[in-house]
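Here come two complexes built around chain A, the first alongside chain B, the second alongside chain C.
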Partner chain A sequence: MTANTPSTTHTSLTESDDTNAPLLEYDTLDVTFETQRGDVKAVNGVSFALEAGEILCLVGESGSGKSVTAQSSLNLVPQPPGVIEGEIRYRGKDIRTASKNEIRSIRGNDIGIIFQDPISSLNPVHTVGGQVIEALTSHDRWSGAEARERAVELMEKVGIPDASARLDDYPFEFSGGMRQRVMIAIALANEPDVLIADEATTALDVTIEAQVLKLITELRDETGMGVIFITHDFGVVAEIADRVAVMYGGNIVERGEVFSLFENPKHPYTQGLLGSIPGTAVQAGADHLQAIEGEPPEMTDLPTGCTFHPRCPKAMEHCREEMPPNYVDSDDHQVRCYLHDDLPEADDSATRGRGERE
Partner chain B sequence: MSDPQSTPDDSSESTPSELPADQTGTGYLERAQGALSALTESRMAMLGLVITFAMLILALGAPIFAPNPPTPDGNWAGNLENNFQPPFWEQGGTLEYPLGTDQQGRGILSRSLYGLRLALIQGTVPVLIAGIIGVTLGLVSGFFGGWVDVVISRVVDTVMSIPLTLFAIAVIAVLGANLFNLVLVIGITQWVPYTRTIRGQTLSIKNEEFIEAQRASGASNSWILRHGIFPNTTSSILVIATLNIAQVMVIAAGLTFLGLGVSPPRADLGLMLATGRNYLTTAWWYGFFPGLFLMLFVLGINLFGDGLRDILDPKYLE
Partner chain C sequence: MSLSAGARSLLDVSDPLIEAEGLKKHFEETSGVLRRETQNVRAVDGVDIAIERGETFGLVGESGCGKSTLGRTLLQLYEPTAGTVRFDSEDVTDVSKSELRQLRRRMQLVFQDPFSSLNPRRRVGEIIEEPIAIQGVPKAERQERAYELLEQVGLSEEHYGRYPHAFSGGQRQRIGIARSLIVEPEFIVADEPVSALDVSIQAQILNLLDDIQNDYNLTYFVIAHDLSVVRHIADRVGVMYLGELVEIGPTEQLFENPLHPYTQALLSSAPVPDPTQRDREKQILEGEPPSPIDPPSGCKFRTRCPEAFDACTEEPELQEIEPNHFVSCHLY
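Now for the complex of A and B:
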């Protein structure tokens, strides 16, 4: 199974690449959908960077902008109604200004994405093998019998038994878990540098989920790809994450190393999330699970100041007026909350009210 | 989490990995059998299929079956002494002309069989033309949306508001009445239902996650249209086209009846109906049998098309 480590590096964009640039970098990303009911501000100034070989978990409740962030990194957000501002840089190259052909060569080739719903992510009228082979041949890196061979190899790698016999089956002959593995095989077909898994295991049962998570970490170790793993399951986060970013109201409110964040959550929202997990809450000696009061914000009408203040148990007058800047401590643990206790003031750019540069 | 020693391959024990290698690709056969058994269960569809097949065989084998065929260069040798001979079971009828003869003494059966061949051409060629135009416009209109969609939708509205007969008279008056023009005129007026249906389906399919997944793996618009969306619309196209064949046959016969289609002496069912109408009181068989053949052909295709629609409609199986 190690036979298919990349023999050559991707050449599509490497010539003009800045070698010091992070693998994938989001810089004050804004995504707004202009609807008839008003502008939906799905993503609000998200900034973070993904390094090669790391697994970054993006967590947050439904509608916090996780998936839109992921989709915008492949320019998959429909425009219109979507309006994207800010920059998304892949190896220093802004995806927003890349040409159609450059985007197409990045898609699948450099950045692979796994969608949430395995049931609807495969075209029902083509064979499973055909769809894997299509992903392989679409970037002219494999062809003919070689592609078929590699398709079998990939499908075996993601744990599909008897892969060569099942190549000619149709998606309806596969279970949900098997289809999700096929989706992973397709996403990994061209050995991307970045894998974005958009709730890739949410629809799977726990045993399959464990296998898929193991597979992703193994592949990361093997190929050194960077992974953005979107989930709302802290169990999954604890299992695979190197770093965690917590999203709320279209913004990253806290992020840091996984241990630092779990042991010392600084944002009231992160604290609330961790406090509402049955296992950890009981361990901490709680009698009752602590739910976060209130509703997620209406994305057409975000609260002023800190987007979390209407639900925050520790909200102060100042929170209503201004979004807290990003405070960074020595461990690169960042939080956007005035109650950041011992955190020193962040660098200058943070005082602009949103975003930061590392 | 699971046992750290377990690999994803462990799951092979729980799934049928013992499938013999020769079962690869049985999917096609099973699906074909499934469709066939659904078809045989529907009696009307089977009846339609049998009638359609019988008519196809009669049409394609007309030179073999026809007792009084035309000369190889397509001339119908009439024999005026034998004109208006009734079918063989009536008084004065002979087995030489089983269904009687027309005003020029040509066999009604033979001419009807050759008429079926023309009906087949008149049924399928316009459907091909209409299908290609309609499906392409529907896919493009639904997929790209925006001004493209607006323009195509307005053209559809415009075409729908033009009466077919009037349009056909105008075009054929300019181009001349012959088989080619007839087929062309029908073809370029029949694409509207394809466009409307395929546009609607494209609108819903293009938002499916598998299309986004294909886009995310670098597929181009044209690839997505051809390989992603089009195959998902084929069952609708098949149903519309089948039923459209029957419609188009009747339209063609109707236009020929009005003198806008095939001209004599070619054996055309519509033409025979038109001429036979004049002799309905004295020689009923002249108009009756061509009409019967046309009706059976159209009925067979319609029954089959209805059955096909039911089978391909997922709700039917519930």
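Now for the complex of A and C:
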């Protein structure tokens, strides 16, 4: 795999590329699901940008909106019942207005995606090799014979031993860790610019997880792709992230560069999460863990004001009334919390990217 | 079966509640189109262990290493293929069905998955009371017990008449814990009790397990793949690989000074929630564990071990390297 793939072979949106635009950009994304029990507000005005070569971790608990955000990147959210507002721009072009053909071309070609569950993501009745080859040939970049050769190369690259012999095996003949490698091989088949990994290592054992994290970091170093890595595990975040965005109740409540966020978490939710991890310095010798009281909110019935206020040990009157804006410090570490209202409010462009936009 | 000196001293604890000696559990698996070929899955393959009254023993290892099978075999939910289990000095592998039923009340299992382990068609009250309803405890007394337990696990009386679907994962795990407590057990096997829960909820449940251990004087056998959970909750830790315990020791000793190359690799691969440590030297293992159907001869870890040498074709024995810290490895 080489970093400088000729973009002329892409049949995608390269013509309309805006060279100053971030690689992938979410602009006030709203995703609502209309259900019989009422509207489920999964994502509420999320804005962020992914730059080439960076690993951005979206971290949060179940129901925080992190997976829906990822799925909307490739129009994978079924509409209806989903209603999406806002923009998602790949190299400046809005994915939401793209045609089905354009999306098909972007998916796999420009943006690769890996899901948590490698068992249900692979087709059980097709050989593993067949599925890798299909990913390669579906974008007309590789002929059959070339594709077979390249499939072996890819499978070796992701650490599947004896790849050429295993090409004709079926998914059930692979272990969970090996299936996840196959999924990564498929996602990377066409050397995408963006890799979206949704809880990609959650189902794996730690020894295998460590191998996969190392692989993703190496591929990023080698190809310069941008990675959105979605996880609930702050351990994984600490291992691979360049930047972190913490989600709660469909919003990004805190974001910043990884060292700054771990050293100086500003939002009470982030502080609570980091404090509730067993076996850390904060917890050493403590009999009881610092738990966050209560439960994450019902998405059909989000609290008013700051969505975290019912569980927040520091909640004030104002927090119940209005969602706080994004406050930003000099290191571009942003937080949505009135405790930091001494900081200036982030302007829109800073909320989205790292200030590249004029 | 004669025991090695190491295993003998491992079993020598002052007030054991549960002891296993030479414990094995093999499953027969059929394969082939006609399901005529049988293979022997050696899930638990010779475990010696003694757990002291009031102790929390943590068991770690990767999926498929046999940790859940070991927990269930200790509870006699699986009949052992070989070896014995003694509970409160009584050999429970050799008792009648009715005696076993009596014993079961003293041992309980807390499950991983709070979503599938509660009957969706029963009200919470009935779910919690079921174990003593079977024993014929009158309704009024049952209800009173259930109310008390709901309070104790952090729920309330008003939840008594609701159905499980109305509860979150953490609340369901609380219900499962209340149910296991109603028979006033002495020994609880908790199989991945928090791995299905969100991080902020995990801490709540770990704190609850800690509180009820003190209130009920419980002995715990906690199975978890998450090393930080085990480090927090356990007094002593066992590391399992392909059906065998390869290292056992007091928690901090084992985490600070892991002896077995497998334990070292496991600890070093676990993600550390501190980015300043991301460049630490990591020992990342190659490959995956071999199949328990056909495990390697000699030391079972030797096919992945970075330090394997000639002697490893021989099976190592557990040895006590420092007080109460045992390892089964030819390096020592």
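Some points to look at:
By our rule, the second predicted complex is superposed on the first by the 326 of 358 C-alpha atoms of A that agree within 3 Å, B and C clash if a C-alpha of one lies under 4 Å from a C-alpha of the other, contacts with A are read in each partner's own complex, and residues count from 1 in each chain.
As a convention for this text, a contact is a pair of C-beta atoms (placed from the backbone, for glycine too) under 8 Å apart; a residue touches a chain by one contact, two chains touch by 3 or more.
Nothing here was measured: the structure is a model prediction, and the numbers come from that model.
In the superposition on chain A, A:M323 makes contact with neither chain B nor chain C. When the shared chain is aligned, chain C comes close enough to touch A:P296, but chain B does not. When the two structures are aligned on the shared chain, A:A185 is found in touch with neither chain B nor chain C.
By the document's definition of touching, both partners, chain B and chain C, reach A:A210. When both complexes are overlaid on chain A, the residue A:S138 reaches chain B alone and has no touch with chain C. Of the two partner chains placed around the shared chain by superposition, chain B and chain C are both touched by A:P161.
Judged by the touch definition given at the top, the superposed model places A:Y170 against chain B, while chain C stays out of reach.
Applying the stated contact rule after C-alpha superposition, one finds that A:I84 touches neither chain B nor chain C.
Contacts of A:R104 after superposition on the shared chain: chain B is touched, whereas chain C is not. Within chain A, the residues touched by chain B in the first complex and by chain C in the second are 161, 207-208, 210-211, 213-214, 239. Taken together, the chain A residues at the contact with chain C in this complex read 61-62, 161, 175-178, 205-211, 213-214, 232-241, 258-259, 262, 272-274, 276-281, 283, 287-293, 295-296.
By the touch criterion given at the top, residues 74, 76, 104-109, 112-113, 115, 117, 120-127, 134-135, 138-139, 156, 158-159, 161-162, 164-165, 167-170, 173, 181, 183, 186-187, 189, 207-208, 210-215, 239 of chain A touch chain B in their complex.
Every residue of chain B that touches chain A in the complex is listed here, in rising order: 1-2, 6-9, 11-12, 15-17, 19, 21, 23-25, 27, 208-220, 223, 227-228, 231-232, 234. For chain C in complex with chain A, the residues that touch the partner chain are 62-63, 168, 170-171, 198-204, 206-207, 210, 225, 227-229, 231-233, 265-266, 269-278, 282, 284-285, 287-288.
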